[in-house]
Every structure is written in C-alpha cells, then in structure tokens.
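The letters A, B and C name the chains in turn, as written, and every chain counts its residues from 1.
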Amino acid sequence: MTTASAIAKPEQIRLTRRSPAYWRVTIDIPPINVMGPEMVSQFQEVMSDLETDDDVRVLVFDSAVDDYFLNHSDFTAKLEDLTSMPAGPTGLPPWPDFLVRLTRLPVVSIALIRGRATGNGSEITLACDMSFASREKAILSQWEVGVGMVPGGGPMARLSQLIGRNRALEVLMSSEDIRGDQAEAYGYINRALPDDELDDFVEALATRIGAFDKWAIATTKRLVNTSLPPDVELGAGWDACIASLGRPAAQNGIKALMARGFHKPGDVENRLGYFVSKIHD
Amino acid sequence: MTTASAIAKPEQIRLTRRSPAYWRVTIDIPPINVMGPEMVSQFQEVMSDLETDDDVRVLVFDSAVDDYFLNHSDFTAKLEDLTSMPAGPTGLPPWPDFLVRLTRLPVVSIALIRGRATGNGSEITLACDMSFASREKAILSQWEVGVGMVPGGGPMARLSQLIGRNRALEVLMSSEDIRGDQAEAYGYINRALPDDELDDFVEALATRIGAFDKWAIATTKRLVNTSLPPDVELGAGWDACIASLGRPAAQNGIKALMARGFHKPGDVENRLGYFVSKIHD
Amino acid sequence: MTTASAIAKPEQIRLTRRSPAYWRVTIDIPPINVMGPEMVSQFQEVMSDLETDDDVRVLVFDSAVDDYFLNHSDFTAKLEDLTSMPAGPTGLPPWPDFLVRLTRLPVVSIALIRGRATGNGSEITLACDMSFASREKAILSQWEVGVGMVPGGGPMARLSQLIGRNRALEVLMSSEDIRGDQAEAYGYINRALPDDELDDFVEALATRIGAFDKWAIATTKRLVNTSLPPDVELGAGWDACIASLGRPAAQNGIKALMARGFHKPGDVENRLGYFVSKIHD
C-alpha cells in the first residue's frame, strides 16, 4: 500500500509515500528530536523531491518520538557545521531556505503536532499551510528570547500576520510554553483536537485533499501566497539568530540551562518555559 | 415607511430603501439562489446607485430564499454570457468589479447570512464590511478546489488577512462546509447568533449606524481600506477561475456533481462539502 | 525597592521604576482620566527617557483612577492648545508621534486595562506590544464615528491587522462599548483575566521579561515591526480627526453628549456606547 524510501546517511527524517498523492515526513531522532545540520539537509532534499513530483498533492509532518514533534536546535553540534552549509536555491541559508520552499510548495503541507514543538518545531508549523495539534500533548513555544537568542526561522515575519501583533509579541517575548488550547484560541494552529482523534482527523483531511486536482491546488495556493512576507525577512531573522549565538547572553543562557539538565529527557525539556525564566533568578 | 424600487429585467435581487440612510439588497432566485450573469449585472447597478447617493450610510444583504444566502454560480448558464460582459468602472470583469466597489463603498455593508453562503456567497461576505450569521442555519464554504476549480471572487486575496494563512488554506484546500460556530471561531464572520436573534441584531446595528454622520463613516472607512490587498489580485483570481473552468478536471467535477443531483434542492446542495469529496471516490 | 521620579508640571502620569529593567507609567487624572495636551506632552517625555535608557526592558501602563484606564480627549481644553504643539521627532504631531515611538521602542510595552479604555485609551492599547484586561471591569471602544468624528490615534491603520477587517469595521462603525470577553474573543487584547488575577498576572509577566537580555528583546521586536503599517498612516488619521472636529456633525454630537452629562462621572461615561446612539434619536 505504502512505500518507504530511505534517505542517505543516518536517517533523521523518514519520507513515506502513502500514495503517489499523499506523502508523510516523520521526524525521528530519539530521545528528544533536536535538529542539527544533517536534518536540515534532509529537509532540503525532501523539498527537491516535492518540487519536481507531478503527483504529490499533500504532505504531512509528524513525529515518531513520544513527547516531541520537533524541538530546538542541537546545541551540542558545532555551529560551524551549520553556518558553513551552502545557501539553498532561494539564496537563503539552509534552514530559512527550507522553510521558504515549504511555504511556496505547489503542495498542501500539514503539521500534525503531538508533543513539544519548540523553536524549529514552531517554525516548521508556521511554514506549513495548516497545523492540527493534540489538545493534551502539544506544546508550542518560541523560547529563544528567554535565553538571550533571536529565533532563526522567521516567526518574527510570520506570527503577526497569523495571530496579531499583540499575541505574536506575547509568544516571542514571554518565551512561554503554549498548550494546545491556547494555541488554538490564538490561531497559532488551526485546531487542537483530542489526542485520540488527531490522527484520524489529519488522515481524513490529507486523503481528501490528495484526491483533488493538483493544478487547482497549486494555482489557488500561489494566489494566497501573495500575502506572504518577503523571503528576505527570513534571511534577516536567520542572521540575527546567528549573531545572537555569538553573544555572551545566549552562551551563558544555554550553559545555565545545560547545567540544569537541558538537552536530554526530563524536567527542563518538559517545562522549558519555566526554566528559561528560572535561570535568571 | 419603506419604499421598494424594482430593478429592470427579471428581478433577481431586490433593493429596498428602509430609510434614505439604510438600504437592503435581498437575493431572491428560488429555489437555491445560484448566481448568473444577470445577477452580477444587477449587483453592479446597485453599486452605481450607492456610489452616487448622498444619504445612504448602510447596506444590508440578505436572502428571501430558505436555506440559501447566496450560492455558487449557475453552471447551466453559458460561460460566454459571463465572460463577454464588459469590464466595470474598476477595469475588472463584472464580478470582481462589483466586489471591489462594494469593499470601497463610502457606506457600511453588512451580510446577514442564513443558509448556504458558498462560492459567490462567501465572496460577497468577504467583500462586505461585516457579517452576522445564523448559528443554526449558516453554512459558509469555498468549495471550488474540491471540484477542480479556482475561486473567482478573491478569497485567496482576502482570507489570509482575515483569519490567518493557516485557516485560509484550510477553508480553500479542504473545500469543506463550515458551520456558523466554526466560522465565528475562525473570524470568517463577525459573529454567529441564535437564528431567532439574528434579524433583530442586524436591524438594530444597521439602524444605529444609519443615524451616524456620513462623512465620518466614509472617511474612517477610507483609512481602514489602506490594508486591502491590491484590486488587481481579484482580477488575477478571476482569470485563474475562468482558466480552471476550461480544464477537464473542473468539467468532469461539475458533471459528476450534476449526476448526483447538484444544482437543485436536495442532498448534494445540503451537504456539498461531503459530495465534492465523494465524487473522487 | 522602587523609586518614583516626578515629572514636571501638574503630574498627570506617574513614572515609577520598579527596577532598572521594569518601569510603570500610571495614568492619574481623576475623576475620569481624560487626555489633554499636557498629558500628551508627558507621554512624549517618557518616550525620550525610554529610548535612551540602557537598562529598561519592559514598560507597563496602568491607571490610578477607578473605572478608567485612559479615556477620550478633554473636550473642555482648547483645541489650539493641542494643534499648536510642535511635531515630535518622528515628524508627526504629538499624539501619533507618541504612539509610533511607543510601538517602535526597543522595550516591551504592556497595557494593564481596568475600567474604560475609550478613544485614546484604546489607541494606546493598540500601540502597546501586549494588553491584558479585567474580565469584569474593562471596556474598550472607539466611539468617534458615533459622534461624527474620526479617531485620531490610528485604529484605522492598526485594527484590521489585529482583528481582521470585518471586526475592525464593527468596532469603528458601531462605536459600541466592548467588554473584556468580547475584546479577547476578537483578539483586540491578548487576554481578559478575572479582575483579582489581573495584577499578579501582569506583574509576573513583566518581571519575567525584565530579566531577559535587552539586545535579544530589541532585535526580535525590530524584526516583528516590519509588519507595522507605515507611520504616515497615523498622521493621515490624525489629520482626519482634526478635520472632523471642525465640522458641525462632531460639534453638535459632542454638545449633545455634554448636555446629557458627558465628561463627568455618571451614566453617559459609564454607558458611552449607548449614549452615542441615543443622541441621534
């Protein structure tokens, strides 16, 4: 029924074609789904597949790791491994390149969020066309300001349009964890659903859209995309993020979180919104 | 108390002046309020009346047909009858011409929605300044993508600003029926009201605004209108719609719906969101 | 713990430094917190302090007057006292100058709303980065159109982006009082909170943000600010407001409200939304 095509190198994301029209990308780096340079590169590769395929109409992102959709970056990786990667086809560095291409894809993209969607996980949500989240188990956040960083994947450019400037600034400046209900009330996601209904809901919607005409999907989406912020804004956000990582505030912030147990399963990852404040006590 | 002025030719919409300041346009083509070239022309005529009247402050759109506010286009009409109509004063074809002029009118426009507002009905809602809908009886939808079409009245340009890109794309790509409560939660309409309170609510609001100063209304609205998408985007959407109608996907989609009972009272019109998916089984 | 720095002249607003990072501005002109030229000037002065301070990260606006956050303008003041004030550093007249500078400040601003936030009070809310309001005691409104005026502090430019064009036009054209729950449902404010939880909530949030890195706050906010409407739109709104004040409609409207008890504690101020309609009976 479905075919799985492995991606080269240690597989961090898994592309599954449920049908020629309906693909899934499953994020799978236990135990906490952090994102490093290799994953970014694999995301870019999937975009190339999607951009050139004639049949695919819908793409769903989900996770194979309990409690995490897609998490913050891997702070144990060397920053140079990320910053030395070549620009993508958009002329932007790899992470904003991937996000921009995802947004402009002639394919409908859906984030199925169960567990933590922090930093990169929130940014991929904002780049997707739609998002549906577990009412009980989803946590969204842009935690960066709380630890002295600037977010690197463009929530500054996207959140105001989506949820209003006031709530966008609350999300960014408070750096708090946001539960499914609150995310739905703010319009950060399309809907929060009871956890045991979420998979069926997304499956039905993706299957439905997968049967529609590709030209009609692509043409309609292209006309919606006129309201997108300019791609260069995502580049500006990325540059600010990289600049922030070179400053003592961020270096000390990350170090303080690490000392408390960040970057491995446990209380700091579970309650990151609490701990980004706690380190300033 | 009120005077009714008949419009020439078979009357499909009825203009009633409840007072010099407060006008109503009632859509009335039983049994299902589909829109053909003649109705578009009558809508344009009403715009000319409104643009040149010194007293009118508020315009309400409602329907005289049970279960339908304003429905999709009349697919039994010849497409040439629509495409051969001359451009309106904005330089746009008649339907986007009407919608743009409605949006820019120095008059407050309100959609009172009871029953189905699909395609054109949703697009007139998005062009109005406000909309209030029956909680029990309103259904909004942009069903076009589901049947291989692109919407022709600009929801691609308008919905993202109104309800956020993620929910705009859900409405457009799912092509689903959206009930009053959901439409209110998404901000697609101003409010959903209990059906037996809807008329009084709109009447009170229209009467209230009808007593306010016309210059203050028009000047304030003009300053709000800076946030509108460029009018040409509605032209681009219209062109894509017409192009879609010439493709086999749309022709087959419409034909398949017709075979099941589309375009007359009954199950397909009542549950259009279900049937646009069903025809792809 | 905290130091209060008095501002010259009869003190209408009070600046308190709760810490070097966290400042408050408390509005205090009993009995009904109307805004005249002197207050505008004091607001501008505070902006200068904030723009040049290296430590401040967060600013909270609140009120010392029961039942009023910040109210409409002082209609007993001479209009010339306001219109003769010199343009501010942005080149805009003082009130829009203050609002634009507040929005662009490298500091997080929060409106803590208890009581009436009408006209200027709503406009300062829209210029702040976030707002939290008493569920029981907050009333927001842009009442101007109801009395023949155009709002002067830019809600035409800001409200559509925040709450959608349809609800923005409802707020502006209905000129109605909007309670905390409705304001939250529309996204006009971030959240409505039970009155007895409001102060603690804002205190905790301001304290939290006050501990974060100033560069990260300022850089992130600057990137969010790309989505702001052009500053000149606030100038255009101001000009329209001043023009409206010279017209008979507004002069008669204000006079009719005054005759009923406007501008002092009592029924007209408490139910302004009702009385702006009542005067047209």
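Definition applied: contacts are C-beta pairs under 8 Å (C-beta built on N, C-alpha and C of every residue); 3 or more make two chains touch, one makes a residue touch a chain.
What you see is a predicted model, and the numbers here were worked out from it, not measured in a lab.
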Angle of the C-alpha superposing rotation, chain A to chain B, to the nearest 5 degrees: 120
Can you check whether chain B and chain C touch via the same residue numbers (shared by over half) or via different ones? different
Cα centroid separation, chain B vs chain C, in Å, comes to 36
Can you pull out the residues of chain C that are in contact with at least two other chains? 161, 163, 187
Once bound in the complex, which stretches of chain A touch chain C? 144-146, 148-151, 156-157, 159-161, 163-170, 172-175, 186-187, 229, 233, 236-237, 240, 243-244, 247, 249-250, 253, 277, 280-281
Under the stated contact criterion, what part of chain C meets chain A in this complex? 108, 128-131, 161-163, 187, 189-190, 205, 208-209, 211-213, 215-217, 219-221, 223-224, 226-228
